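Given below, in the form of structure tokens, are the structures.
Each of the next two complexes has subunit A plus one more chain, namely subunit B in the first and subunit C in the second.
Coming up: the complex of A and B.
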């Protein structure tokens, strides 16, 4: 709070040593520059220089309605995936904080095991489950219901992507939730809040940083998804990454592919910047045990 | 006597309340009546059942058996949020995502109180704890003592007839604790609410309470005013827990007129006897013992020889630890004006047999003190 606060430890500072901690980030920094920074720069350059210098690739992108439709759909699907992940992960992560260490280990393993199975294999499993003659539809029909169309639909893509991305929602959510002091909920009860009210006024607001962190990770990863929408989706659920693939690998239009990547990147940044004020919490660190 | 506000407190009746966790009895048949407007302290070492009792009253813990009345009505099975009882926690439990003002307004918002009225009452509660200027701060911007004052304001703002405090000053340093003790006492006087206060600090209990209930191993050993507990401890545990004390153990001989205790060859006596079979011990308060150099005329009827093991200067007087012939330690407080003694000096301890309390021996009384 102030310089007089005796609880603030004073770290002895030696002149000229202040940069030292930053040196620790050097390996990561070099890696990032090599595998992200440099390629990103080439993408931007190519989008402006191929086949010749100029904004022609961007003009093309915004001139073709199909591109804009797919761009919008990419964001819509990613948003749905994020919503589904939040709804599935929230109770799961809460359960992880509430159970004993043994049950928690089982729950963590259930989250992590899918990580050890390749994404292609998991997506193909979803094909088997979701297809018109697949497990879900057979069960529905044998129970006397009409079958539902899941494969080659947006719903199927959302289901498959949400399953793949769920761990990225659960883990940050759990790490925030386990830091929430449950005695605060008890305090709310003593002040007259029935359990649901205590949850919505105390627990939920304190868990929001975890929701935001998980949502950002899931949303951004979902934007770039390629295999799952390609295998589970149909032509009406194409996402931008598929279009990029077509441009680059089939049509060898590196410039156009690059422009699409840049548009996706910039749009993401804009959305995050818009969401940031909502997500910023001044006192996120308080209320920890 | 007290310039106390009208009595708005609720009475509490605990009737043979027990709480078991498996085979462990956290509370073992606790009965206690707390009068309306009383300041009752539950005192005891950790694990003695005092916090469990508080949690039972607050509704955080259900009882295994027994009856609990608050304001004459049974609250067994009533959930915590319907009990209308203020609780102050050792860890403050302020909501970190709300400002001080919103924290204090929280119980009023829950009760659907209109904004005008809410503002007024929040301001009044914050003024009462002298935190009126902090309404727009967040808890993380306050010191521990300030946070606890806000927590106190939050728990009294809805005018509960009963306020429970669970070691509220436990995390604060001594100076702040002493000051806040007086603040809590003042607030209790102004509100007229029943206060139930849990602590393991006997000095704090003596400063604050109208009456003190001493807990040990899930039971109440004794209930009484601080003076009663100090002057007439019912058990050795209470005698040792409240204040300093010297316990004399030895070979016991009782006859019609009194009890004699032989300790390593020296015999002391008290003009009282203990009913029952139990082995008697003598308990002496430090100010009842007189310390002097050996070989002079006796001041009291009893004397024991010993060696000064520790001399502590207290400002207002001195405290000596004297090693007795049987190896036990006696604690003596002597006024500054008297003689002073140095380490290792051979001395005699004198006391009037009438000042010695005879109590049944209880070997657990010593071990539970740590």
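Coming up: the complex of A and C.
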């Protein structure tokens, strides 16, 4: 790979053409500034200036118990979704590394099939599955059990969100597990470790970079989820995104909605910034074999 | 890793359940789409094609479908051109500015959908872009750009730049080198970027919900409003059609790829 080889001779550059790469990125950057940068700036400004200049919208947000409950619930639901994803993805990704190529293809297809239909249709499927007259409840009833209430509950929201986000956990986990040298586990076994001990002291630590990477992606995506909680959830499982939408579209409170949006945005970026160095150093460790 | 037989069985069972959990929601729309009654209750009653007829004849559905096709096609072209240019620029820059700019261009992937949506909505209200084709194309293009950038960059990373030097040393001009050497070699990245961009736009819902109006609706917006309004099995029919279309596209693609690979061997 020449890109990694510092001695590769490059195409002779004419003097004065050093700006050319920057010119190539310019159209994309302009669009980025116009359609992402300017709108986000507008939201920040509105959160500070409507109805008048000052931090009143933030004071309101952090002063109202209702908002804090929703903020806390957003974190709780995201955390549950992350936990469910890690627990389900770990054995699945491991099996992907352990089986032959044909079975692996089937397993990969199962991960990718959810992407084949549009996200909204998938949420509709969850409505069909979870509703009181839905698939799960009719199966339970035909097996002689009582029906359970799933739709418009927090459990239902977690089940639906975790299914949507599971591929984002499985794929990074698989790419890390694929690179683990299984001879290290054999070495531990030959030195007398029981299989469970070999797993917990050798395999698990080596797979953690994948867990971190996947968990961070899932948690951050879950924080900003809007469609699934809106369709599967009820008033007692409202997440921050729905609250932002209500403030802006129904109440026309751009200042308050903007302040909530900024809180969500800042949380996301702080989490990313916190996670970036951890993930980078773990990756380096895993790469050093 | 060696495992006890019991561990092996448990692992297999857990993975089977996870696989069902992943796939079942995709397939459940198929039986619902043939329902005779106007309801989404399970199990569906009887058999009828009426929801497919409704999708084809009801202007609400067919117009939104055509709108989505139009927007997604424009977005695919625009995002691929901008993303490919940017990927080339980043590839030929010094590492430090390149990393910074790359991070900037990937931000659309991590900004929470609703925050972006209210921002774009605010700007579009002032610029009178709500419910316009331009508005949809611009917003979706910026959301699709990161996918093109990732796909093309990955291809450029394994591209041997000495090939360009070789072409240049044999007398090819910059444009000829690009057309006959660089472009054919990175075409897979560009094509997968194009596909991702199309899919991103065709599927986009959060921003679309804010910038839509009765005159311009895309398919996801129509699906969303149908789900929230009443239990109309037309949604299930649309889901089934989309599922079949993607299956045919992906299956065909895999067959073609497989044949090509065999031919090369």
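Criterion: the second predicted complex is superposed on the first by the 225 of 289 C-alpha atoms of A that agree within 3 Å, B and C clash if a C-alpha of one lies under 4 Å from a C-alpha of the other, contacts with A are read in each partner's own complex, and residues count from 1 in each chain.
Basically, contacts are C-beta pairs under 8 Å (C-beta built on N, C-alpha and C of every residue); 3 or more make two chains touch, one makes a residue touch a chain.
The model shown is predicted, which means the values in this text are computed figures rather than measured ones.
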Which of subunit B and subunit C A:220 touches, first, second, both or neither: second
Partner chain(s) touched by A:108 [first = subunit B, second = subunit C, both, neither]: neither
When both partners are placed on the shared chain, which of subunit B and subunit C touches more of subunit A: C
Contacts of A:86 with subunit B and subunit C, given as first, second, both or neither: neither
Contacts of A:189 with subunit B and subunit C, given as first, second, both or neither: both
Partner chain(s) touched by A:275 [first = subunit B, second = subunit C, both, neither]: neither
First, second, both or neither for A:201, with subunit B first and subunit C second: first
Contacts of A:129 with subunit B and subunit C, given as first, second, both or neither: second
Subunit A positions touched by subunit B in one structure and by subunit C in the second: 1, 189, 195, 198
Complex contacts: residues of subunit C adjacent to subunit A: 1-4, 7, 11-12, 14-15, 18-19, 21-26, 28-29, 32, 40-43, 82-83, 85-86, 88-93, 97, 101, 104-105, 107-108, 110-116, 118-123, 138-139, 141-142, 145, 149, 156-162, 164-165, 168, 202-203, 205-206, 210, 219-220, 223-224, 227-228, 235-236, 238-239, 242-243, 246-247, 250
Subunit B-touching residues of subunit A, taken from the complex the two chains share: 1, 181, 183-184, 186-195, 197-198, 201-202, 205-206, 281-283, 285-287
For the subunit A and subunit C complex, residues of the former touching the latter: 1-3, 8-12, 20-25, 27-29, 31-32, 34-36, 38-40, 42-43, 46, 88-89, 91-92, 94-95, 98, 107, 110-111, 113-114, 116-129, 131, 133-135, 138, 163, 166-167, 182, 185, 189, 195, 198-199, 203, 220, 223-224, 226-227, 231, 241, 244-245, 248-249, 254, 257-258, 261-262, 264-265, 268-269, 272
Touching residues on subunit B, where the partner in the complex is subunit A: 58-60, 79-87, 89, 91, 93, 95-97, 106-107, 110-111, 138-141, 143, 154-155, 158
